[in-house]
Amino acid sequence: MPLPAEQQIPTFPPPEAESEESWLWSQIKAEAHRDAESEPALASYLYATVLSHPSLVRSLSFHLANKLCSSTLLSTLLYDLFLQIFSSFPSIRSAAAADLLAVRHRDPACISFSHCLLNYKGFLAIQAHRVAHSLWSQSRRPLALALHSRVADVFSVDIHPAARLGKGLLLDHATGVVIGETAVVGNNVSILHHVTLGGTGKAVGDRHPKIGDGVLIGAGATILGNVKIGEGAKIGAGSVVLIDVPPRTTAVGNPARLVGGKETPSRHEDVPGESMDHTSFISEWSDYII
Amino acid sequence: MPLPAEQQIPTFPPPEAESEESWLWSQIKAEAHRDAESEPALASYLYATVLSHPSLVRSLSFHLANKLCSSTLLSTLLYDLFLQIFSSFPSIRSAAAADLLAVRHRDPACISFSHCLLNYKGFLAIQAHRVAHSLWSQSRRPLALALHSRVADVFSVDIHPAARLGKGLLLDHATGVVIGETAVVGNNVSILHHVTLGGTGKAVGDRHPKIGDGVLIGAGATILGNVKIGEGAKIGAGSVVLIDVPPRTTAVGNPARLVGGKETPSRHEDVPGESMDHTSFISEWSDYII
Amino acid sequence: MPLPAEQQIPTFPPPEAESEESWLWSQIKAEAHRDAESEPALASYLYATVLSHPSLVRSLSFHLANKLCSSTLLSTLLYDLFLQIFSSFPSIRSAAAADLLAVRHRDPACISFSHCLLNYKGFLAIQAHRVAHSLWSQSRRPLALALHSRVADVFSVDIHPAARLGKGLLLDHATGVVIGETAVVGNNVSILHHVTLGGTGKAVGDRHPKIGDGVLIGAGATILGNVKIGEGAKIGAGSVVLIDVPPRTTAVGNPARLVGGKETPSRHEDVPGESMDHTSFISEWSDYII
Amino acid sequence: MPLPAEQQIPTFPPPEAESEESWLWSQIKAEAHRDAESEPALASYLYATVLSHPSLVRSLSFHLANKLCSSTLLSTLLYDLFLQIFSSFPSIRSAAAADLLAVRHRDPACISFSHCLLNYKGFLAIQAHRVAHSLWSQSRRPLALALHSRVADVFSVDIHPAARLGKGLLLDHATGVVIGETAVVGNNVSILHHVTLGGTGKAVGDRHPKIGDGVLIGAGATILGNVKIGEGAKIGAGSVVLIDVPPRTTAVGNPARLVGGKETPSRHEDVPGESMDHTSFISEWSDYII
Amino acid sequence: MPLPAEQQIPTFPPPEAESEESWLWSQIKAEAHRDAESEPALASYLYATVLSHPSLVRSLSFHLANKLCSSTLLSTLLYDLFLQIFSSFPSIRSAAAADLLAVRHRDPACISFSHCLLNYKGFLAIQAHRVAHSLWSQSRRPLALALHSRVADVFSVDIHPAARLGKGLLLDHATGVVIGETAVVGNNVSILHHVTLGGTGKAVGDRHPKIGDGVLIGAGATILGNVKIGEGAKIGAGSVVLIDVPPRTTAVGNPARLVGGKETPSRHEDVPGESMDHTSFISEWSDYII
Amino acid sequence: MPLPAEQQIPTFPPPEAESEESWLWSQIKAEAHRDAESEPALASYLYATVLSHPSLVRSLSFHLANKLCSSTLLSTLLYDLFLQIFSSFPSIRSAAAADLLAVRHRDPACISFSHCLLNYKGFLAIQAHRVAHSLWSQSRRPLALALHSRVADVFSVDIHPAARLGKGLLLDHATGVVIGETAVVGNNVSILHHVTLGGTGKAVGDRHPKIGDGVLIGAGATILGNVKIGEGAKIGAGSVVLIDVPPRTTAVGNPARLVGGKETPSRHEDVPGESMDHTSFISEWSDYII
């Protein structure tokens, strides 16, 4: 059965002459235009955040600045800062574009690119983090940490500015995500809410998880210490993981164990960070639960 | 030992000629009046949010509008929207009244109806959700999602506008609650903080839990997929539930198992969503913990 | 290898003639001055929150007031309130100083005292709680609850005003922490994010955990009921604890069990709330995970 | 030479079946729609203030509420108040409509009805005054005076709530206009900026000017005491008037004298409050100036 | 005929044991209490600005701070500043009290002390000026000028911080008043709106008017240069005065002349700054006007 | 007698290699730095408005945006707009620089360039007008008028966006200035507060005054109609001018007459718009005043 029109995801790649970013921007403007027409009560918001802007970078800078500003960090200051960083680093812009595509394709509840841009606190928190990380890398640490603090307050998402994140990420729901200072997250990773990539609690140094490409981490999972979650691995919701997980295997439970057993773990072929299959391991688990 | 006066919950039902809603409103005004007298520093707040309004609906609309507004979604717009929806749908008003009574009777930390109205983010998030759900049902999806996003930012409570919620609900503490698009929650359910009613991660369609009447879900429990939690069931704190739970049984653990065993689960007589008994299953569990 | 200069924690105690509070204040001003010099974009913020104030108490009151104010609870009212309580209760001021030292010494991601003062929502939430608790103790309950509600909204940290907290506390990351009405937390305790010190759900009365001095509670741990966590105990991340835990032992898992076994639990010598060692129990656990 | 299209004033009266108010509203929406299309940077503002509203009364209430609100008089409160008064008093609504037409027809700088509605502080101050006057008439004096004070702060227009104003008024530029407690202003009057209708400074009672229909009062004119300015009279800019002025005569100068002399004043046929002819008396005055 | 109750001005002096300031404060609280009772829509405002405060100084500091704050000059900073200056200088407090009495007794439109405190921009501008003047006198010029600028923006009253003002002043309506750097204003002076005490435009130095005690200056009068307006003199509305005016005489017109003639001016016995008699010179002027 | 150091105006022109704009900017930063050092309470404001910015254009855009924004016209939108116009039109930037120099040199009360930039509402209103005029010239009239309206509200200065203004202008005090649609103002003109360059009130077309270079217009003067005020003329305070004034003559009074008489007017050599000599014509006038 075909999806209703509004749920059909526009086909990418775009025509050759156009960049991904500008193709996305034209999609977003078209969506926002359609929504403004059908919902006058929202039109002011849509014009302010999307339709009055000449580019995705300006729209995103405006939106983040107005979300993250406070009485002591003015929106104009943040707007300037976001604009400057986004304009200077094409890699941040293309990562944002990849994230938009990731959310749109992986989350069935996401009905449009503009929905993601405007409403996904996970998406917004990641983009603000990319700016904070850029500041951190330039040794502008106090400003990076102030921005980090605003993101933690406003979105309840706590990503240390030093953490290194890939692109094509989905932070679904996002509330309560904590990612520590020396964590590394690969590309095309999907992370649900309340996930912790935490430290060992011991002294300074490299002490947070390294997450491979294409990993899926279920809601409430806690991964602690400088452990390696192999590419394409899957971490079950509510799991507590303290040691390495091999690629394309599934770890579940508290304490986490590998589905199929430590010695002969089941290996899956799909990339769970992209397929978002959280629960197909139910069958293997079901003989001992409920 | 009788409760101190301030903790005695006013008896309901009210005299015949009066509606539940107007009875509650008179209680709330009396409480707010008493508090304004005793605490001048709070009187301005109490007059603004409660005592200057002619009805519960206006007070609630005002309070939500001022909590959820932002620089791009003005309080006057939200006030108008809430007022219009609350005025048009008596069922939403009566559900709000039932929620107020539920919080007041089930949570021993709730000292008055006005305490709930003013300070319980779970209560406020649910009422905002009811408005978003009404918009969603009228195919005003972009506005519903914008409101959803504000609730997720401000209260860290993430209820998809399409989710169907019953009445007499208690979202205790509420931070971090996530309820997905196709979830259904019955009447008189109590849900603690950090609870997830999440999807399977697989494609579009009916993919979230169905929670029966009178269920109690403990803090941090994660229920995933289109599973059925039977009426009067109890889900232990921190549990991870991936398959159906029979009525009036208790599931605990990660992965969750039934107290009493899969074959002969213990059945309780009370309605835990109302009695709020989280831990009486300790005795049955205690032989294998600590 | 010596730490880089910015990570060297200034030695305390200060010279005799100076109080801890004024020594901390001079450190904070020096840090803020250095940061304002090196980052003009942040200087306005640093002058507003730190450098324009004559004392730590005024800086903290200003910062909390501007973080927690809303359209119906004005910053000037909150500023007055904080200033009055902090000025009247030296014990609250010294607890705040102890918390600053705790965060700075225990969290390797904390690079300065001003970093903690300005950006740690856990630190700020605790100080606001101390004020709410003081109001509660003076029977100014409606105001205490209004403040409690603002902290829960803004920081996603939910500490009931009646809860009794010690000093030298670290709420790391802090999002999602819930501490109930009759909970008691000792000195030098460290609590990670998403930790619940919750009730049993049964009637009124003493129904929340009692946490001894020096305890460390890992991320996402849920401790329910009037149970006693002995001094120096350690609760593993994601654990669900429903009964007492002896001093200097470690409880992990859902349901939680003692490392070393119920009868002969391992005892550690360090104070985990101070050493922050989350994961040294991995080795003992590792034979049955992954 | 025909006016350019944008300066042609739409012909009124409207078709029979339509009220003046709804005709104006349809004009205003059409103008705002056109402007939103041509100027995306202003579209958000135009949707928020005009295009999202179902009626002129709601648009005006929204706009005034957001202009006049302060940190202690919230926009939602003012919105409610304006809406309630405008809805209850059709005469206020029709006076507002008459004022819109007056501004549009008399001021060549006014390019559209929406221009007047959105940008003319004189128009907005008068409408807020009508609400304050209604409150005053209902003996709600403290609220009337609070609103009066906001108008004086925001628009620098000071009209005492007790003053009685007609309809079809133009307050051009408006800054500095002062109209005292017992002043009465007729219909179709035009008043330039810095005009004072002031008291005698002596005790309580009827002590302010009475301005007849169709009067024109030039910039900076000061009229003091319970004097009568006859219908269709004209008061020159900068005049100081302390005694009655006969109908359809012109008073100029400080102290003011009648053009044509006290005994045989020139009488004009036009209605200067409508024709806005400020300066045709130059010829008669020119032999003694410059 | 006796005045209606609400217009009877409470008799002063107060009973012996009480200071003028505390007597006024008790009057203001009683008025605000009465108004809050009768007008719930205003109660929040009245509690925030008056009834929640323990003293006139705190109420006034709060009110001014919230009126004069901006996105870059926060209310908490201004509140602190006002409180500190008012607390340190009893002479400023007693001047404010004298101004309150002056407004209440001289302006028949002023219905209560709280009306003046809350709504009279002239009163508020003078009190802010007294603070700015105190800062100026302490050589804190940049802060004095920033405050001056806020008063000029918010109230359209422009009093240079260096100007020296007496007590018992009434700035009626106040919009457009300009008082220059080296101006001096005596006690018990009444000044209407649009009055200028301006410079000569020539170089640095003492170049602004000196206004004696008890002077009354009518609306729109312009007094320029280092001229002396003798005690008890009266300046007619709209007058332009460039040279000295003897005590207890009346100057009117543009250019101003003395009523009664330069050689034999009429002298009045009353103190016009207190009696507020603007227009009794009409009879003497009437043979050549209108 | 030499001026005190703070009143010595830095000598211009700057060294050859530097533009006037960048020289001014370096002066302003030095002044703001000195003030921030000496007045910590103002440092946050000075960093936000001046010291955090890399150029005068950004500082001015920030300051205007935060002064003129409202709940429906966000500061980020205005900031973008100002920045874009100032960046695109060097002539606007050089006019702003000329205005800064004019204020600093002509107004003895102006103690520094930063004082003018931050606090002079006349200076700020003119710069906002230049932006509005640029928009008007590009046929972006609705946006130009919205900006015009904000300036009229915030500064009580009402300059129609179509009016053409020269450079090197001083609007001293500025409150109440009104400049109409077809007015033209030359270079090096000084205009005091309450001055009106108004229309004739008759139909559409060229109907406002034309002010020559170097003119000085005193406080409260009203000039009406398409009249020509010759270069270097002087208009006395409170004058009402309805016909042409020859170059380098002085018109005073209501109605205005030429000093020296219509046939043989006195001519002055200085440029009063620059020398600011308001009152040297007193001697000639003094035989018939006071």
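Each chain gets a letter, A, B, C, D, E and F, in the order it is written, and its residues are counted from 1.
As a convention for this text, contacts are C-beta pairs under 8 Å (C-beta built on N, C-alpha and C of every residue); 3 or more make two chains touch, one makes a residue touch a chain.
All values reported here derive from a predicted model rather than from experimental measurement.
K.L.:
If you apply the touch rule, which chains end up adjacent to both chain C and chain F?
P.N.:
Where chain C and chain F share a partner, that partner set is A, B, D, E.
K.L.:
Half is the threshold here, strictly exceeded: which of C-D, D-E or C-F has more than half of its contact pairs identical to D-F by residue number?
P.N.:
D-E
K.L.:
Taking all residue numbers at the chain C to chain E contact, is the shared part over half or under half, that is, same or different?
P.N.:
same
K.L.:
Hey, how far is the Cα centre of chain B from the one of chain C, in Å?
P.N.:
The mean C-alpha positions of chain B and chain C differ by 28 Å.
K.L.:
What whole-number Å value describes the gap between the mean CA coordinates of chain A and chain D?
P.N.:
Their C-alpha centroids are separated by 55 Å.
K.L.:
Based only on mean CA positions, could you tell me how far chain A sits from chain F in angstrom?
P.N.:
51
K.L.:
Could you list which residues of chain A touch at least two other chains?
P.N.:
As it turns out, chain A has residues touching two or more other chains at 41, 44-46, 48, 52, 66, 71-72, 74-75, 77, 156, 175-176, 194, 220, 238-239, 254.
K.L.:
Select the category (line, ring, star, complete, other) that matches the graph of chains linked by touching.
P.N.:
Contact map by chain: complete.
K.L.:
Once bound in the complex, which stretches of chain E touch chain D?
P.N.:
Checking each residue of chain E against chain D gives 3, 6-7, 35, 38-39, 41-42, 44-46, 48-49, 66-67, 69, 75, 108-109, 111, 115, 118-121, 154-156, 173, 175-176, 192-194, 216, 218-220, 236-239, 252-254, 275-280, 282, 285-286, 288-290.
K.L.:
Quick one: which bits of chain F touch chain B in the complex? Just the residue numbers, please.
P.N.:
71-72, 74
K.L.:
Can you list the chain A residues touching chain C in their complex?
P.N.:
70-73, 77, 81, 140-143, 145-146, 148-149, 152-153, 156, 158, 160, 175-176, 178, 180-181, 194, 196, 198-205, 207, 220, 222, 224-225, 238-245, 251, 254-258, 262
K.L.:
Applying the document's contact rule, which stretches of chain C touch chain F when the two form their complex?
P.N.:
Of all residues in chain C, those touching chain F are 36, 40-41, 43-48, 51-52.
K.L.:
Can you list the residues on chain F that touch chain A in the complex?
P.N.:
Those in contact with chain A are residues 44, 48, 52, 58, 62, 65-66, 72, 74-77, 79-80.
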